[in-house]
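Before anything else, here is the set of structures, which you'll find just below.
Two complexes, one shared chain (subunit A), two partners (subunit B, subunit C).
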Partner chain A sequence: MEITSYKTEMEFFVDMQRCIGCKACEMACAECETNGHESMIHVNYVERAVTIQTTVQVCMHCDDPVCAKVCPADAISKDGFGVVHSANTARCIGCSNCVMACPFGVPIKEEKYDMMMKCNMCYDRTSAGKKPMCATVCPSQALFYGTREEISRMRPNSTPVNSFVFGEQVVNTKVNIMMPKGSTQLKVH
Partner chain B sequence: MHSLNRKAALIAIIVTLGCVVISFYGSRKLQNFDPALIAYLFGTLFALFGGIYRYCVWLQRPPTWMYFTRTWQMVFTGNFFVHAWFMLGDAVRNLLLQRFIYPRGNKRWLAHFLLAWGCLAAFAITIPLTLGWINFTLDPATALDPGATKLYNANFFGFKVMDFKLGSVMAFLIFHALTWCSWAVIAGAVIFLVRRLTNAGLIASQTFEGDLLPLILLIIISVTGLGLNFSYAFMKGIAYDFMSVTHAIAVILFLVWIPFGKFFHIIQRPAQIGAHIYKLEGKKRGMAVCPHTHQEFTTQLHVDDLKTVTKQVGFDFTLEDGSSHLDYSPEGKRSLLAMAHLKARQESGSFFG
Partner chain C sequence: MARLPASPEKIIASYGPHLNYAPREGYPGRDEPDDSVKTHCCFCGMQCGIQLLVKNNKVVGFEPWMEFPFNQGRLCPKGVERYMQDNHPDRLMEPLQRVEGEGFKPIGWDAALDKVTSEIKRIQTAYGPNAFSILSGVSLTNEKSYLMGKFARVAVKTANLDYNGRLCMVSAGAGNKKAFGLDRTSNNYTDLEHAEVIIVTGANVSETFPTLTYWLWRARDNGAKLIVVDPRVIPLARTADIHLPVKPGTDSALYGAMLKYLADHDMLDHDFIDHHTTGFDATIAAVQDYTLEWAEAVTGIEKEKIQQAAELWGRAKTSFLLHARGIEHHSKGVENVLGCINLVLATGRIGRPYCGYGTITGQGNGQGGREHGHKCDQLPGNRDITNPADRQYIAGVWGIPEPELPGKGLTAWELIEAIHRGEVKGLLSICFNPLVSLPNNNYVREALEKLEFYVCIDFFLSETARHADIVLAGSLHEEEEGTVTTAEGRVVRIRRAVTPPGNARADTDIIQALAARLGAGDKFNFADSEAIFNELRIASKGGTADYYGITYKKIEDNMGIFWPCPSEDHPGTPRLWEDKKFATADGKAHFNPVQFREPSEVTDAEYPVVLTTGRVVSQYLSGTQTRRIGKLVDQIPEPLLEIHPELAQRYNIRQRETVRVTTRRGTADFPANIVETIRKDTVFIPYHWPGRKSANQLTIGTLDPVSKIPEFKVCACRLEPLGVFTKPGEIPAFGSI
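Up next, the complex of A and B:
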């Protein structure tokens, strides 16, 4: 993990309004070596009874990850690039604290392994300077991995936002969500 | 640098001193203590001190303490014997057989099983030997009779617990117990090492000191340990000193490292049983229903405890109406985020930009 070609100028940009629910990202995610070929991305209907709207969710890689703080086994760590890694397999006790505490609903408890797993931004690829699998296949660019210059050229009327308000709590993240131009935060409730 | 955790240090000192006292009297005032093992003794005592210290620091973390206290509350609430039976079964499945690893890969399970049992059996033999708790003596009656088959006594705290004939199958198995452990550890460690050197996902995320060095250390310990036996059995003692010093250095490094490195998971693993009891008992008390999906998603106890724990670690997900973001299921949370995003886009007058 020490010697990498991780490109710090590259960032992840998500625009869930562009998600068409094709699930190509789910298939691509299962190609990730660091996930052990388990798909960790979430695509779900927002409110199936009333709308066909779908949403896509990758790990937001929080600056101060609550999943790591509530882990009773010290199994989750954040590296120098700000990537919050999936649970250390030797330590995770499968308690699901991280699953239930993550404000974005990201970690998955794999019951068959009695272990938590989550998106680690395709670390096998990003640490080698490549793009995460999901971002390479998304046909509508709901998921985009590139530089700030690239995204500002592509989305001139949007602003990347990485600050989210959940009631009393503000959560800052490494991953951005594309919001209307000039936005600084996304208030969830 | 983190400041010293006084409570943990105090407990660790008391336990370590307790071990020294037990070992002093257990070895019959050092009569049964083997001075050749003095370096191992200090390594063992350091590992004990460090292990207890880190365990106590670890327990003091809010989420760990919550699980620890809840587990024991639950065990001693209601029918203790039902809980004890469950814990015993869970310990056999998860600690003795490590069955949770099997679905992750049968080769991984086999490697871990060999490695774990090789290490644990070796601990069970070498630690009491190092502390002078067990020793072997030649039975005085048979020793003096030239015509009698020599009997060997195994003593625990100076009390005879068993005897066996020299040259018997039992003697062969007992005297070579560490050899069997070494072969098991080597087999397990080599399978893991090959996996770590060939699996692209592991190559990307592992560290040398965290993942490879522990395996290399275990292999060095086992190979030099076997080498000691091989040297006096087949090589007339050639290279015995080299093997013995290399073995000692590797073992002491291993012991000193237990509290800080990968090996600490051996001490952490029983917490998994606590997590299972917590889930089981929580279900009996009632499930939480997500206000968005209207589906059960975890126990209400889990949600309530997480509200407390998140506040203890510096997060407050309380909403304006007094409810909490933590009342929502993972799917509910993802949907809420998407709905908030849609609303922001709608208010801006354009869905895309």
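Up next, the complex of A and C:
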């Protein structure tokens, strides 16, 4: 099915340092009935005892999604727009391979449904030309959905990065992380 | 009577707080709503635009409103969950009467209104007109605020009307009137975008006004330097260019030292000072001894940081200074505000693009609600109730002889004291939960119990409403048309999305029905909210808060109009003072000398630790609404005592150990949250909770001599670990002890 209103020029950008830990994104994500009022985005303190800094983790929608590769039931698929979809309810066997394989720690096995659930970049909204709910409501715009041109104009002091190096493995993603100006990769050693 | 009719547990079983969660599949009809109503969030002065989805006269969800210019769809968790106050099991659907030993039972509207009317008349006949009092609130629309002021003065004929803005922006209002002759933030927030330096002092923006964070980052993306003054590393402070961790109660020392630094290093706008201000020399003389070393000793901030902040502020070409309750909730709240204004005036950076100043109004309609006359010393249009010309004008609008217009009444806290002394015998409250929001609430409860008659208009049975003889089931924000004025001074439209459920009635209907029974029906026959607003426009005409040129249509066509707007062809005023003509009698901005003085209670051997209070991101004010919304409660289920590890170690306090906090007012127990993000001499407790979890069992009722705001933000306490560990939410927060 061709969905013409998906705006392919729009991208998702995450700027952790702007996260104020308010959880508006979690609340808004959980409004989606396809999630059963569970949030598919997760905000956590880094270490509350020493800092107020929080992290916000959304599915990074990898170019070559390891969650899909390790799925023995072929329940996870990536579409033509690069969106890696949540587990197909009819196929997911709840094995948690994807939970363990994801380098970003995104998929969560929801025990009450005995299946994996994760962000599908608000496919119902983005395919209708809207922004994902989390990036719409984010009050600091730590989560931003727009064009690469917009973000470079609005945030001249930082650069979007979507290439992550885990040891010797490079993971390229649809979602960008904002890093200091001039950065090209995030290396996790 | 005003004593609890039954145990809190028994009342809570019927009326909550119960936690409301949406069904997992969402409310029926959300995907095919009958209507999508463009209105505003009811929580906080940002008044973010939001669309409420309506199906079969029920609010079933929300959709971001992308076009509203301030927030463009952005919301905080309170905004996202805002719709969950609808369809709530605790919602009051009937008027209620108190039944001793049982709680409450329904009473018909006629019987309820008759009882209220007869009690008002009985008390006023026996004890005088001012023995019946009214407490109102500024989560109400402009229309309701105006109506309450008129109702008190024209129908009840009492001087004793005040409002919960007394706990909110009155210090800022008084300071702004002294300096500028007008009480409004000087600029809309788009002026933040190109401010070179921004000072945010005493404002936990990211938790109390989360959507304002966006505009601060817009400025930072354009190169702005951000200075945050707060005893804690609040989320905004973590990434700030300079964080000044001020000791609570010493803010004016910091501003004084910065002002002296500006003067000593000639970082002043002499032309502006000479031509457009008064009082500069005396103001500088007042701070002549405030060296950086002195300021470091008083405020606990390293002098190098103060110097850096003063240098940044002094050298900037554009700037914005924002403050909120953190500097205003003090026995010297007005002085703190004036200290900030002095820094703005000294550099002349006001009344120009990207040069701004303002308080960040806290409550939903904190701005408009404080302008139109439900404040004890004020008449609509921000007129003065002691000013003969103002009195004459408003008496004319209301069609009463001027001598019949009551004079200045008692402020909120003074009213509680008068009730406690037995001088005031009756109370009507709306939109105010003093048992949670006032300081020293054991004293407040004693006062309530002395009332002969108490009637409360509310949509939920708040902790205070439990003490009522009669409860009148009123309306939510989304159940009446109206307007509010945002923290920017922008008048926006509140839309009725649904009608009140069951036998609940619109607040304006209830007030008008009471007025009719009190014999003032001819003055309270408004057909709808727009008719009330149109009278407000006339009442405000010529006042400093002039709304005369604002109409519902004009607001709708422009997504809001900034007051002052004196005529229908006037576009409104997003930025004040562009002509450098201030609203003072002499047309100039006024410097006001501020000398530092200590807070009313300082630490000593018996109470060696500073206690400060504030808010959390998922709760609003006294929590009447937000403590009933499941996900907001789950996010932060209880108040924690924030304490630095070094202070915790001194008392051998461990993480999540229950700590007994004692002040001269009372004792309360809180689990410890040991964090490095707070000063070592200060503990912090958020105040939204009632009963045994209430921080206001501990706070002090000392008032600012001008604004009469209580000193919530600083008092002295002692700490005692109890060796008890609880899980989050394990101890229920009962409404009364």
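Everything that follows uses one rule, which is that the second predicted complex is superposed on the first by the 181 of 189 C-alpha atoms of A that agree within 3 Å, B and C clash if a C-alpha of one lies under 4 Å from a C-alpha of the other, contacts with A are read in each partner's own complex, and residues count from 1 in each chain.
In this text, contacts are C-beta pairs under 8 Å (C-beta built on N, C-alpha and C of every residue); 3 or more make two chains touch, one makes a residue touch a chain.
All values derive from a computational prediction rather than experimental measurement.
Asker: With both complexes superposed on chain A, which partner does A:N97 reach: first (subunit B), second (subunit C), both or neither?
Answerer: first
Asker: Between subunit B (first) and subunit C (second), which does A:Q17 come into contact with in this model arrangement: first, second, both, or neither?
Answerer: Both partners, subunit B and subunit C.
Asker: For A:R148, is the partner it touches subunit B (first), subunit C (second), both, or none of the two (neither)?
Answerer: After superposing on A, A:R148 lies clear of both subunit B and subunit C.
Asker: Identify the partner contact of A:H189: answer first if only subunit B is touched, second if only subunit C is, both if each is, neither if none is.
Answerer: In the superposed model, A:H189 contacts subunit B only, not subunit C.
Asker: Of the two partners subunit B and subunit C, indicate the one touching more residues belonging to subunit A.
Answerer: So, of the two partners, B touches more residues of subunit A.
Asker: Which of the two partners, first being subunit B and second being subunit C, lies in contact with A:M27: first, second, both, or neither?
Answerer: Only subunit C is touched by A:M27; subunit B is not.
Asker: Given the touch rule stated above, what does A:I52 touch, subunit B (first), subunit C (second), both, or neither?
Answerer: second
Asker: Look at A:A73 in the shared chain and tell me whether it touches subunit B only, subunit C only, both, or neither; answer first, second, both or neither.
Answerer: So A:A73 only meets subunit B here.
Asker: Quick check on the superposed pair: does A:Q169 touch subunit B, subunit C, both, or neither? Answer first, second, both or neither.
Answerer: first
Asker: On the A-aligned overlay, A:P139 touches which partner chain: subunit B = first, subunit C = second, or both, or neither?
Answerer: second
Asker: Which residues form the common part of the subunit A surface touched by subunit B and by subunit C?
Answerer: 17-18, 33, 36, 53, 155-157
Asker: Within the complex, which stretch of subunit A touches subunit B?
Answerer: 1-2, 15-18, 32-36, 42, 44, 46-47, 53, 55, 57, 64, 66, 69-74, 85, 89-91, 93-97, 99-107, 112-115, 120, 123-124, 127-128, 155-158, 164, 166-169, 177-181, 183, 186-189
Asker: Quick check: in the complex, which residue numbers of subunit A touch subunit C?
Answerer: Per the stated touch rule, the residues are 17-18, 20-24, 26-28, 30-31, 33, 36-37, 48-54, 131, 133, 136-141, 154-157.
Asker: Over in the complex, which subunit B residues touch subunit A? Could you list them?
Answerer: 58, 61, 63-64, 66-67, 94, 100, 103-104, 199-201, 203-208, 262, 265, 268-269, 271-272, 274-275, 278-279, 292, 297-298, 302-303, 306, 309-310, 313-320, 324-326, 328-342, 344-345, 347-348, 350-353
Asker: Using the touch definition up top, name the residues of subunit C that touch subunit A in the complex.
Answerer: Touching subunit A from subunit C are residues 21-26, 30, 61-62, 64, 66, 71, 73-77, 79-81, 206-207, 210-211, 213-214, 217-218, 221, 233-236, 238-239, 617-618, 631, 635, 645, 655, 673-677.
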